[in-house]
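Chain lettering (A, B and C) follows the sequence in which the chains are written, and residue indices restart at 1 in each chain.
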């Protein structure tokens, strides 16, 4: 018999607070309002990286591992595909992103959810005549979950509050909102690190180096924050001075007593790192044209030389797409973790969706 | 055992008449030709609102209620999802409409149909090199049902005739053809009214007020017609004189002996109505730019004042999307039926599709 | 119990050759490298028409026949839909083609594969920032098969090699690459011919006439080649001299000792043919505008007169879409095979996908 922990009466605690009050809370204080009222510690809406504490990160990683294992056999895959076959998800991508789209789609398909989607400008312009609240309300009429990506900061948060306070509340997963938050990317990054060191003593006491455009990428910001959940993880930030990590990220590290360093020497950092997280130059955020092009980024690329310096248990990561930050000659090295990182995104998203619908215990306890 | 009433030998009586003769029939006389030869009274093709008599409307409403109820439990939802899992539907939307698209998609998914779609200009232009007959014939090669929306008046009718007279006949559902017909919208409107008064003595002897652009909306035209199927339903038309309901709609009411009134006073009409059906100004049909903007529509909006005047058992409806015809302050009032109306569209479309494939009796008799 | 012949350890022999060496092989010599290592004679990647020898063509035709038969009953259709329900396919159509897209989609759906897709310029431009290798690698992270259509010659081949040599090899089906290859179209053409003469003594000793633009269509090129697999099939090429079949096609026929003729007389050829394969003028390949329009193609159309001359067991084929190469008055003639040819595409693609995943024996031996 399938165990459903909260089926049919899920709700978020968002019903107990006004929107303005919620909006003005510090990020970490928002966490309890986004939980499932009936499953304390489990997200109902997934909106911000700050929702994930270490306990939740490790639970979701364990669930993702279990789903990945079950899915290896035909029988296991069919069992998973039956679990949420009675649910339907809407993928509303008003900002295109095929990678994030396909990965969420695959996660839904693994669990048997059927899906609808809006993913191009032409179709989504359809909705321009009406308010965003009405559009979201439309999706909630036909679907059981909304996975949304939007260029608009704060929109996912507002929609989650609106839905929770409507008479048809359904969960929202934020698949990227502006420069703001991309919590499932942060989740897959942590999951990849946890997997990489799973049989090698775990994540504690590791050194993680971030390299590239550390100023404008939300990925680095979120991952840096989440790593503070783990014991004694040292962070190194390697970037041209114009693109170094912003002060507010460092302030959090200081406040939490996390050891960190700034550098412009990727080779040196690589030789001392357990993980090197490369990022591309985010020139789409340039204020004037060519701003990024004028910065010398030549020393911030990972190639054959860096590969030699990376410890043998180290890993190279990248949120992808890449340009030339990582040379293709690294692709077949066993330490190149970026392809697996991408596939991890599918597993951890499947775990998140399953947990959101209250199927964590069922999956962990199943016979497959 | 699953009961299939006509599986495998469904066909429409359209095979027994030439296209020109069929095309020239009065709308009400077309009904028998669109029925399933093997299931008298059940539509094979769904093309026009005039196909639905009261008996069929009430049967489909009962089926939609049943589907809605069965779908509440996981087991019920999985039962429904198995029913038409062997069928595939094509959603051919050469005129985009995400709401109608998603609602038909969800209806298919509830019953387990898998779907293909063409829904944007870029993809459908693919087919421009060939005749529409050939395109439709393509879809019928790969799918078991076509749900089509087109800006072209009469096209769905022609395609239904062509398919019925091909060696691979499959049913068509018209999801909107030009200014012409949108029969499933009319169906969901009637279903919403039937549900609203289900436990309150039914639809007979009610007053329904239409307000807004009554000249150019096919919704009002179809619903006004369908309401004549019910005993003593009085109709009130509230609009600026430039947008009042056209004479031919009133001629039908006169011919059927239905009581009606024209008005420009929404508040007065509201206080005397059981249902107020608001519509938006259809300025996309303006002949010269700004035509609609020159009309004073300020008195034809439903807000806090109107809400106070609406009887406590009354309902407010709207086909959506709305602009400012209904103030958002009405949204949480229990009489605001427009969200539920939208979701009703999904249930009644599922009922229509199930009936079309001959599964009405199976669903009504199942143990869930 | 479901029999899986090679589940989980499928791989192509492409791992045993470098890319340049593979690329430079004569087409027929590529065949063994594309086979499934564990299922000799069965394709892993499907890239070129030259992969199909007569044994494989007849096996796939038999499997398609079986799938078509099983799918006739509800129970059979549900059995098929369970077979590959644990697999997911990516339809990557960077060159739009709704017919080929829908037909592959339907084939996947018949076997229960869930699908993701990229099929319009707007969405696929997403991937332009990154290399094609990285994009394909993205798809292989989330899916179990890639069905790809691209305007770029040789790309499918390169991607197949890359994937086979990655640590997540998955099969590729080429759904059309430039002017180059469209192997599943050739497959459906042969399947249609095999079906047409199945109960009439088979394909041997037949005359097949090709008519239209024989210079620029890859369809004719591939089908002409595949017909050389069958005993004593005579080929006639009817075209304006500017669009006659190129020398290299004839060279293959000469080398294989196949009887052929060139002609500009469609009526005469029709009266002597078992199959007439019409094609449209491919003016999208015109070098200067109007090049095709200056050619007199009026004698190369199939109409009522030609129909009279076609032997009573003959068939008319067309890869579609058609313009005016075949008059619509032929559409209801029992010898008009082009609609069925289109639907055959769905069945033979389902057969190919099932065989690729190692389910041929299971389907042939099942009780339906």
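The rule is short, and it goes like this: contacts are C-beta pairs under 8 Å (C-beta built on N, C-alpha and C of every residue); 3 or more make two chains touch, one makes a residue touch a chain.
Bear in mind that the values here come from a model prediction, so they are computed numbers and not experimental data.
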Turning angle required so that chain B lies on chain C, C-alpha fit (0 to 180°, nearest 5): 120
Same-site or different-site touching of chain A by its copy chain C, using the half cut: different
Centre distance in Å when chain A and chain C are each reduced to the mean of their C-alpha atoms: 41
Shared interface positions of chain B, touching two or more other chains: 120, 122
Chain A residues within the chain B interface of the complex: 2, 4, 7-8, 82, 85-86, 88, 90, 114, 116, 118, 120, 122-124, 126-127, 129-131, 133-134, 137-139, 141-143, 166-168
Complex interface listing, chain C residues touching chain B: 71-72, 74, 77-78, 81, 96-99, 102-103, 105-106, 109, 119-122, 320-323, 328, 339, 342-343, 346
